[in-house]
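The next part holds the structures, each set out as structure tokens.
Consider the two complexes below, in which subunit A is the common component and subunit B and subunit C are the respective partners.
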Partner chain A sequence: MNSTHHSLDYVRKDLPVNFKKIGLILSVVGLILVIAAYYSDPVRSAFNNLVFLMLLTSIGLGAMFLVAIEYIGGAVWSTPFRRIAEFLAAVLILVPIAAIPVYLNLHDLYHWTHTDVVAADKILSSKSPYLNESFMLIRIALFMAIWLIFYKIITGNSKKQDESKDQNLTTKNIKISAIFMPFFALTITFAAIDWMMSLEPHWFSTIYGVYYFSGTVLAGLAAVTFLAVYLNEKGLLVKGLKSDNYYSLGALLFAFTNFWAYIAFSQYMLIWYANLPEETFWYLARWGGNWKFVTLGLLVVHFIVPYFGLLSQPSKMDPKRLKFMSLWILFAHLYDIYWLVMPTFSKESFVFGWIEAGFLSLAVGLILLIFNYKASRENVVAIGDPKLIRGINFRL
Partner chain B sequence: MSTVDYSQELSVVEGRPSLRELDDLISKPLESKPDKKFFIAISFTGLMLLTGITALGASFIYGTGLWGNNNPVGWGFPIVNFVFWVGIGHAGTLISAILFLFRQKWRTGIARFAEGMTIFAVITAAMFPLIHTGRPWLPLYLAPYPNQHSIWPNFISPLLWDVFAVSTYFIVSLIFWYVGLIPDLAVLRDKAGTKVKKTIYSIFSLGWRFSNRHWQHYEMMYLILAGFATPLVLSVHTIVSYDFAVSIMPGWHATIFPPYFVAGAVFSGFAMVQNVLIFIRKIFNYEHIITLKVLENMNKIILLTGSLVGYAYAMEFFIAWYSGVQAEQFTFINRAFGPYAWAYWIMISCNVISPQLFWFKKIRTSIPIMFVLGVLVNVGMWFERFVITVTSLSRDYLPSSWAYYTPTITDFGILIGSFGLFFTLLLIFTKTLPVISIAEVKAVVDGAQPTHKDH
Partner chain C sequence: MSEKVLYALTGLFETPDQIIDAAEKTSDGGYKKYDVNTPYPLHGMNQAMKLPPSKLGYAALVFGLSGTVSALALMYWMAVIDYAHVIGGKPYFPLPAFVPVMFEVTVLSAAIATVFTMLFVVFKFPNNSHPLHDTEYMKSVSRDKYGICILAEDEKFDENGTLKFLEELGATNITHQYFTEDSYATWWSVLDKKFAGILAVTAIATSLVVYIGLNKVLYMQPFSWMMEQEKLNPQKGSVLFADGFSMRNPVQGTIARGDLPYEYAVDPEGASKLVNPLPITEANLQLGKVKYDIYCSPCHGFMGEGDSRLRGQFPNPPSLHSEKVRDWTDGRIYHVIAMGQNVMPSYSSQLSRNEKWATILYVRALQRSLNAKESDLQ
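This part shows the complex of A and B:
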């Protein structure tokens, strides 16, 4: 242990050219495919658009949660990587844009928006004070406003600190992050209920918000982990970051993989055991046709592989393993959202084609572009943060 | 103006006591004879315990007709008490295992004590299902082994899973606790005055000689056990929640029950640990080890878990309405405005409303106020289990069988007895084993860490 740093060794550099290039290519290809998709099959596109929207929300909100939790918990190890999470939280800016096509296609997505259907259905009409278009629009607009306001304040303070090194900004952000938490819990829950649970308006599950939360944190964490290892390998972060600094990222990925499995199992187990028809139909829809294989695959993709991939202590610090597992977990989260959303669209069998590929390409491309944009204008490391040197010196 | 310097790590133990001072201070209660106060305290808890034994004895002689359980409400106080005490146990493992994995150094001063509370709480909790089996002298029938009657336990019942979950939890907690004690027992062995003490401590310290190799094995073992204990924190109360949630009883069957029960358990456990520590640190002069900052951190966790519990209440209520299921809607309206509304609002005010005061630093750091709020949390959490168990059962699907449940004096006697058992064990603990981990506290005292400042 000869690498105890007392001063910062950080020079701001641009991201590799390829980063932007790939982002641009994926975005353009994705956008063309998405436009073509809306012409050829608008309903399927709308469902894909919802998956796309949820993926962006997960990464943006998940990253935002990580920033806030670092402040509240007073975490030190994560400070060298916090700016990465802040940049990823900027994805939240894309969320309202991604939501526009969803709103233009509400009738294709949500059964409960058809007033004639609702009028004929006793249960749906009893839900209409909550499930109606205008209230949903107001709610979601409010949620997005909350996310963006907290994003602006917290990352704004962090950015200011780069110059001023003012410790009061940390104190301020701790307070704001604590206030953010109850808002976060409620908005993410009701966003998940509105956007995804109400796809099957008769179905209900009290744990649904927690389920989406567990996936969101995993997605945010995986994106941060991948970029942290990648950027450090390219020498774009501060000097002195070693595999010890990665350990907690790996440990948290492992912990939240288990948390997701725990929540998913709790929901499944209780519904299966009680066997009430008003709940089981949701799982039965995911067992019909070849959806069975997607459902079984979810267990493997989202739990078994990351569980064994990150179980041992060395694997939580190995950069190669972390890069692979974080990409895997991002894929697993996409898979999970697809599994939550698409059975409503295609009941018989799962579908995957150029339309799905197009939306995925656009999502990845846009995330890369927005990250590149932020990195080209701001420091990739929170160089003014008082905890930074402690964070760099962190050793297990 | 910033009062905290974030660039420096805060010290966990105040005043930089020497290692010798720590040895002496922590082992002092064990080396001195119990004083008058101790005898008064233990007579009081012993009396409570005796009350419980009397009530229980009467129940065995005259039958459960002495309890308030009636026809729709087949589960009364015993289940409520069981869930309550299992919940109290959760803080110990959370502090000793999960906070250890999160590298929270402030836990060192309180981990041993909280773990001890876990073990005593689980012992207290385990009494209730044992009573409930009706023939507590035949506990082996709960174990799945091929006996000559060819009787197997009912594997599809979550009540059986409870047996496995709670006993696993107890065993792992006990091992975890004991492994942590080994270096401290060696300290006591070396300090022991009488031969009897020395022999006992020698046996239990397993030949510990503080060698480098011993420490290496010890640390690895501790880490592995922490890893084992972590899922157990979740699993035990998850299984307890299954006792309710796998049924189709409105108000019980909610998918959020597992994480909600775990959060509630940690919530009540922390409140109990906080309450007891307030006295311990004062009586034994541990105020520089169990600092105000530690209590403040505990209050923050109480605030967090209390809010999670509040979230779960809100979610249950909302989804009951949203589901459109009439029975669910009725159950929740009945809870809030029916004959048990008083219990429901005690639960809401103690669990959701009053802990919100911990948002304010002044309240988080005021010992009298935090004590009161901690007591209220445990009142609230006991009532939570009461509300869940009793309200749903007393008004189930069949209105003709509805009945009001009134606990009897025997029920209260057993409840008092459970507190008596718990606190008696706790008092004995304070005089027989070090309530603070000597070894772990030594490692977090300022100056104990290797530094490279002048390399």
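This part shows the complex of A and C:
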């Protein structure tokens, strides 16, 4: 059999130096801009910090979700790429740090943290048992603790397996992943509500958590896809991975693009249909001034382009197309978060300047650095996983 | 009986790995016209056979998009051109409300069209005769064996050479498959009279048995909830009373609460003497406006100018600002609302007595807005 492999052909190598270099440059430039931004416009920086926080959360949690779902579903095709998702999940370590400035600026971000405003507002005061600073702090700390604990256990077991090749570790991780899932569903929902939905504390949408989840999975998937293709092209993964192995990544990107559109449209259509002022104002805010173009742009960027870009079967396996589309989808997710958060900050028109660029640069830089750090210490492929060979041999 | 012609050489394998390997070697060996038959789809077979990506996707795309466009066009035609109607206060062309329908129609037409393309274009339905039908080979590969079948029409095919090739691949049960020229004559055997007849009889018989069996003989409602109860169902008789009615007529002379019988049904002049019992207060005017906008404005227009919104589907009424109506007493207008006038129906069942009077107050206010009295200028 010439197309299949029965033994592993993997030698751990360091990532190309440029990987680290670009990460360092982006981080340093980003950090300088971010510090300058906090001096020149703290409120705008706080909002950007929130976008930055959400982006890191999306990538970390999205990657974590992919790892867990692989274990639960017993997926084979994704095993050669699982370590990439595990490394990306390490971004979760940055989340508590990124959240600190948000907490220092709660009053600039969240209307409901002003007790005098809440006291004068019947709706906000009846929401205050949930929406109050101390409970929010406890909640979010709890969420992060849950994420980090599961991250530690699951990736820890996976790493141990590299040496021990112990199949029981897989069994264990399956169970832990299954326990993680409901926690994941609840924490991501409430994190999205706390961090983003409560920016407009009068507004509510019961689908909001699902909406953010769809974006999160897309972001995690897109990051994994890009790195999988990139690393494979550089020969840093195991030998024998072909475009068949990419296919499901492309298919999932396509599926979640549709899922996002489905959820986004459902939310919009119900609010449009019922036409209740307490719900519509959220969309009206995104339709005023030149936000209108950002909103229409979201449709194109987040749905139409990736939809047609990934529609045909060959495009779901084509490395070039996948690299382009995954970067595009990462951008689309950032765009989406910006669209969710920023209208609260600048109602009249959207803003983009060096402050936004600074936070973005820092985010990308840090993600690259953390990935590089992990890859310089651990195998980029889960070489002890019993499903690995079958995963490499996976054909459509 | 015409002569037997060699159709193909077939061989069997035991495992999926063997057949994938064999398929790969056959395509490497330069064969183009061959096929692989397996009991279930095998991962990796497309590559082993070096098949180009299927073109069926294009059919799905074209038909899917035509579905989207036709759904949109249909709804546009209905909602904007043929029967423009305000629904739920939305514009005539409420795109978001149409999106789900467009989506469904897209999926449906893409799915159906793909199946039909496959059936008619790829499988060449209704041609259902194939030389491999009913062969031992076909029976094995639809059970637990993996078969390869190299067609005689392939350029590289040569009876002995290919036989040897199959042997080298490790195939077992290598068989010569023949077909007869006249099997082409039975190409359309689905349309054969006997076959079609039996098919029709079976279809009708099963439908009847199922229908009668399930609906008449065996019919049992798992849960009746509140469907089975003594009440009047539309289009059904009522068993509540002997005369077949579901309700009794009220006793002669019964008056609804809060209402008084209208005495001037045939006496508009008498009605003119009625005096509006409601004082002109903001609350009464507000009530009148609400009722007027609901019940009167479709025909009389929001301002009472007779500018109906019914787009000619009902005769336009005269203006309520005419001198005639302005000079009428409130009681006379009350009469029109209570009894209707010519084509205008009575609104007694929609408006209570007080609501009628309040509506009249509002009509008066409308009249004054165009024809103010001297005293209003103060």
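The rule is simple: the second predicted complex is superposed on the first by the 395 of 396 C-alpha atoms of A that agree within 3 Å, B and C clash if a C-alpha of one lies under 4 Å from a C-alpha of the other, contacts with A are read in each partner's own complex, and residues count from 1 in each chain.
Note that a contact is a pair of C-beta atoms (placed from the backbone, for glycine too) under 8 Å apart; a residue touches a chain by one contact, two chains touch by 3 or more.
All values derive from a computational prediction rather than experimental measurement.
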Combined model on subunit A: subunit C and subunit B, fit or clash: clash
Which of subunit B and subunit C A:Arg390 touches, first, second, both or neither: first
Which superposed partner A:Asp244 touches (first subunit B, second subunit C, both, neither): second
First (subunit B), second (subunit C), both or neither touched by A:Thr115: neither
Subunit B versus subunit C as contact partner of A:Asn290, first or second or both or neither: neither
If touched residues of subunit A are counted for subunit B and for subunit C, the larger one: B
Touching partner for A:Ser164 - first (subunit B), second (subunit C), both, neither: neither
First, second, both or neither for A:Tyr273, with subunit B first and subunit C second: both
Clash with subunit B, by subunit C stretch, listed 62-70, 224-232, 350-358 or 368-376: 224-232
Shared contact residues on subunit A - subunit B and subunit C: 1-2, 269, 273
Residues on subunit C engaged by subunit A in the complex (per definition of touch): 17, 20-21, 24, 43-44, 46-48, 53-54, 57, 61, 88-90, 96-97, 99-100
List of subunit A residues in touch with subunit B within their complex: 1-2, 4, 74, 76, 122-124, 126-127, 130, 166-168, 170-171, 178, 181-182, 185-186, 189, 202, 204-210, 251, 258, 262-263, 266-267, 269-271, 273-274, 276, 278, 385-387, 389-390
Residues of subunit B touching subunit A in the complex: 1-2, 4-7, 9, 101, 231, 234, 238, 242, 245-248, 253-259, 307, 311-312, 315-316, 319, 322-325, 359, 452-453, 455
Residues on subunit A engaged by subunit C in the complex (per definition of touch): 1-3, 244, 265, 268-269, 272-273, 275, 311-314, 394-396
